[in-house]
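For clarity, chains are labelled A, B, C and D in written order, and residue numbers in each chain start from 1.
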Amino acid sequence: MEYKFNFLEQVHKINLEKTDDLFKVIINDKQEYNISDVEVESNLISFKAEDKIYNIYCYSDKDKTHLSIDGENYILEKDKTSKTKTGEQQKGNSVFSPMPGLLVKVPVSVGDEVKSGITLAIVEAMKMQNELPSPRDGIVKKINGKEGEQVDALQVIVELE
Amino acid sequence: MEYKFNFLEQVHKINLEKTDDLFKVIINDKQEYNISDVEVESNLISFKAEDKIYNIYCYSDKDKTHLSIDGENYILEKDKTSKTKTGEQQKGNSVFSPMPGLLVKVPVSVGDEVKSGITLAIVEAMKMQNELPSPRDGIVKKINGKEGEQVDALQVIVELE
Amino acid sequence: MFKKILIANRGEIAIRVARACKELGICTIGIYSTIDKKSLHLRFMDEIEWIGDSPPLSSYLNIDAIIKAAKQTKCDAIHPGYGFLAENELFAKACEDNGITFVGPNSNTLNLVADKVASRNTVKKVSVPIIPGMEMTCTDLNKFKQAAKEVGYPVMIKASMGGGGKGMRVVHNEKDLGKSIAISQREALSSFGDDSIYLEKYIEQPHHIEFQVLRDNHGNCIHLFERECSIQRRHQKIIEETPSPVLNDKLRIEMGEASKKVIEASNYTTAGTVEFLLDKNKKFYFLEVNARIQVEHPITEMITGIDLVRQQILIAAGEKLSLRQEHIKQNGHAIETRIYAEDPDNNFVPSPGKILYLSEPQGPGIRVDSGIYQDWNVPPHYDPILSKLIIWAENRDLCIKRTTETLKNYIILGIKTNIGYLKRIIKSPSFCRGNYDTHFIDEHEEKLLPKQEKLDIALIAGALSKQVGFAKSAINFQKVSTIKSTPWQEIGKWEICGQ
Amino acid sequence: MFKKILIANRGEIAIRVARACKELGICTIGIYSTIDKKSLHLRFMDEIEWIGDSPPLSSYLNIDAIIKAAKQTKCDAIHPGYGFLAENELFAKACEDNGITFVGPNSNTLNLVADKVASRNTVKKVSVPIIPGMEMTCTDLNKFKQAAKEVGYPVMIKASMGGGGKGMRVVHNEKDLGKSIAISQREALSSFGDDSIYLEKYIEQPHHIEFQVLRDNHGNCIHLFERECSIQRRHQKIIEETPSPVLNDKLRIEMGEASKKVIEASNYTTAGTVEFLLDKNKKFYFLEVNARIQVEHPITEMITGIDLVRQQILIAAGEKLSLRQEHIKQNGHAIETRIYAEDPDNNFVPSPGKILYLSEPQGPGIRVDSGIYQDWNVPPHYDPILSKLIIWAENRDLCIKRTTETLKNYIILGIKTNIGYLKRIIKSPSFCRGNYDTHFIDEHEEKLLPKQEKLDIALIAGALSKQVGFAKSAINFQKVSTIKSTPWQEIGKWEICGQ
């Protein structure tokens, strides 16, 4: 059985092969592991990998698998091989809010010429203000949202021409 | 909407009537309550009854509703109006184990004449031994289970003629 | 220091010991029976070993299997916890024979303190008062009859290897003696793997007060004050507190010194408990030594700040006790309530089964030593203890209030538990006044029955949950669009559907 | 004593205060904004009142609405918690004008300690050293420029009503001054409902050390020793410990006495904190008085055994302080780690959202002051604090080990948290040696990045969970009949299906 996960923008391939009580796992066609003693109980998955026991808390939803290993969390995303639009936007033509929050200020107007790095919007969430910088030099094409309004996570606030 | 629950062998009838933000509740055609501010969040149900707030933890499965109110648990059972066979048995013709456990001893044999109150079986669970007394005078008709075997909750162990 | 310790137990105490090991940098080896494959304690172990089928005799009382597991995993020590093999000299001996350190006193000392008669003679020599009773364990009914006659009824039958009330029976007349002996023997065998029992004069209206002691291999010995354990049902402690509301400073010092004498005279090492009965005239009698870490050890930890399991392991490893008697102080007040899977409203029938919902309390002064989790199936094979709620507060009044409030917020649904019962005890006027002896439970039986005061509220909640459960299934079809900008709100917010 | 207290806050601190009230037999009135309708704190209240829409200015900063709620429910006192209106003199004044006791100092004292300049002059008079800075708050950029020149760059801009790092900015040169002032003002307004700011000389490489003080209306005053709060990110404390690893007994006594002088000179009552900076030459400067119960108050409670919120309420009710300075001892060591909904691996972006799975740690020495539950949606409108993990142990080494182990068992899935980040700090050699100042976070930025050492294990677990999730859905069709006698086992037991 082959699984693919996206972690920090990288795709990882996991091959699971079951033989008797063991799983043989190959990660990215390279790293091999022998996994035994697999147990699952509601939100805990435990197994032995190379003689070490792991107890891993786990929650899977549609798109993501959330894991906690020794206090460190990992979020594995379902691999969608085609690059998302958001990813594109981030790199080039717009500024979006990384989290839901309050749009505090948009210090530019449509038609303004802006330099790379200049603040295009300030979003506040959980009492912290975050300045969203322009990804490049350009001209402001469109502004979505008004000062004082709530914005969604990943909502595009300022688009560049 | 009418609901019926069985609690400690008694059937209770609850009438719920919704009017705007309120529920009017009548219990067993007598006691009336005005219920407001009903909120439900996964396993918590909260409401205001006669100006007092209740936060009640709740789990419902097929047959039972488990509730915890101020540290006291209530288990409401779905009302099955026809009396269960178990209930009958308990009163008259047999001895059953109240909980799952180990059948330690059956000090009687088929055909034995027994007096009311005499021990017909000893069941051990969680390190405690429980002596199950005969419900009446009678003659042992059948013994289900052997010493040293596990028994289920409500499993009839000794039947009387 | 040890590199690897096998923890020969399950449930909350196995976890408690694992914590102490981890803090000492020691690897933990857990063991489990078939039915315990998914038990919580295994999550705290670096390695785990299956040691047998579910019945205790096949697994947690199976000396060979446990020793084999310890050797296989190259453990240098075994911590037995409480119950099971904790005070079994054969087990300690098997450890010794296999070059594994038993975290507890050595097998000779275990033998001595287990032999209550020898133990009594030892104690007598150091002038600590004892309860009159039999001079040896036996199975001969006639000897029991004779001994009972000598000390006078009522008498108490006890398991030699006993503890926790298992195998104990009070007998009021000769007629009942035979039957009680038989029951005690069966319970003793099944609980401790040894059916030796003996008999003792039964002290009426006593307080059960015990002293925690630590003693190292170099002869250093301290006590860590008392625990009041008089709230018992069938000789099984269910609530413990410290300081005891009935001791005064003079008595406390006397009994503390007596405890140390007992421990020293037995050449006892690591952590132990000296149990006393205190009669209504505040005269105390040595009862027995509990040669293990006890269920109720946390209340001592709370008021002294000393980690007893850590000390136990340090001493077993041969270290010198760094604590001095004059530095041990009683700070504030602590109460432990034991959470059991049982039905107090139905003659305390055990209640194994699936935990459908669990919410354990937390906050200032609250410690939960727990062995359970939501969705776990509590097995019927073992002791019904689920967890222990230990509350600390500045004084006894506050501690009682905090315990009451906290029990209200300890939610276990799916199985029956004694939480409500514990709350009723804690709230009872006699307990609040600190005016109780070991007969408290019997004397208050009626008063401790559930009042079902909130039945109407329960019925309303039950009906609402059904009604709303219906509405809940419709939530997928209902879009909440008013607060567009906060998507998580859409997931979480929903209202009762109208009729 | 009060009969009813309105708790003008949310989250863990509202629950903390409610506990103290309940233990004093006081009824608790909770308030909530629209989005907080299902927040955990409401479960600890005897009555609840809606006070406005979700944004803080409409609700938790809405003085009129809160006073109205208090009057409607006939409260005799209001406890403000921390943040929001906790140090707002207008709020205290509104309480006074409406005959409601504000649990905190009176509005005059709040005015004095909020006015950092007046406060500094007061402190100067009693010979406690202060940091050079502006003599008044203002909005005039030129005055800021002038003051900055006088004390020399770098300078620190601070919110007058501030606390918790909100509105604070270090400025290294005149060019950045204007912008920083603007940001500070905005943050101050949104956090405290007041945009007054001022400027102070910035002390480099300092330790942030504060002393907890209690003072009653009768002039009795004690301190409860220090808290070391130098682990800060953007002037926001994230880990605190006590005792401080850098204080010696002499300095501790000096600073403790200085704290009391400051509090007495300000005629301050109830619970307060005197903040100091300690420079590398162990010279200390008065920084400010925090006129509230603080986020980090539990570590003081853990080592002194004093319930600070209880004391605060008792004092507000006019009672005399029953504690004496000579009875307050530092017992053991305590560390608090603040659990935030933020993504430390991505520039600490806030991470509101749904908590899909939650397992909070418990056991010896572990206290969790929490404001969350599984399935709850953490709203984006408020401070990202979710809970506080407070660990007590006999000494610092053990406390660090226990904190590390406990963070590993603090499981929050669904939103990003700083738990892994906190663990990395606690485990860092500088922290373990006790060798850190307020620049620790900046200096260790690289080292504190996640290593993703267990990525392979995560990928394996992810794949297995998918595989097994598939098997799980088949469980309903699969009867387990081998162990017929234990029905719950049938529900719980299931095995990985073969391929």
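We adopt the following convention: a residue touches a chain if its C-beta (ideal position, glycine included) is under 8 Å from a C-beta of that chain, and two chains touch if they have at least 3 such contacts.
These numbers come from a predicted model, not from an experiment.
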{"item": "Chain separated most widely from subunit D, comparing mean CA positions", "value": "B"}
{"item": "Pair sharing more residue contacts (C-beta pairs) when A-D is set against B-D", "value": "A-D"}
{"item": "Cα-centroid distance, subunit A relative to subunit D, in whole angstrom", "value": "29"}
{"item": "Subunit A-subunit C separation of Cα centroids, rounded to whole Å", "value": "47"}
{"item": "CA centroid of subunit C to CA centroid of subunit D, Å", "value": "36"}
{"item": "Touching two or more other chains - residues of subunit C", "value": "38, 352, 359, 373, 375-376, 380, 483, 486, 488, 492"}
{"item": "Multi-partner residues of subunit A (each touching 2 or more other chains)", "value": "41, 100"}
{"item": "Touching residues on subunit B, where the partner in the complex is subunit C", "value": "1, 3, 5, 7-8, 12, 14, 16-18, 23, 25, 27, 31, 33, 35, 38, 40-41, 43, 45, 47, 49, 54, 56-61, 65-74, 76, 98-102, 104, 124-130"}
{"item": "Of subunit B, residues touching subunit D in the complex", "value": "37, 39, 41-42, 44, 46, 52-53, 55, 100, 149-153"}
{"item": "Interface residues, subunit C side, partner subunit D - complex", "value": "15-16, 19, 22-23, 35, 38, 298, 301, 305-307, 331-332, 352-354, 359-360, 362-370, 373, 375-380, 393-394, 398, 401-402, 405, 483, 486, 488-489, 491-493"}
{"item": "Subunit D residues touching subunit A - in the complex, by the definition given at the top", "value": "55, 166, 183, 186-187, 190-191, 341-342, 346, 348-352, 356-357, 359, 380-384, 407-414, 416-417, 419-420, 423, 450, 452, 454-469, 472, 492, 496, 498-499"}
{"item": "Subunit D residues touching subunit B - in the complex, by the definition given at the top", "value": "37-38, 42-43, 45-48, 374-376, 483-488"}
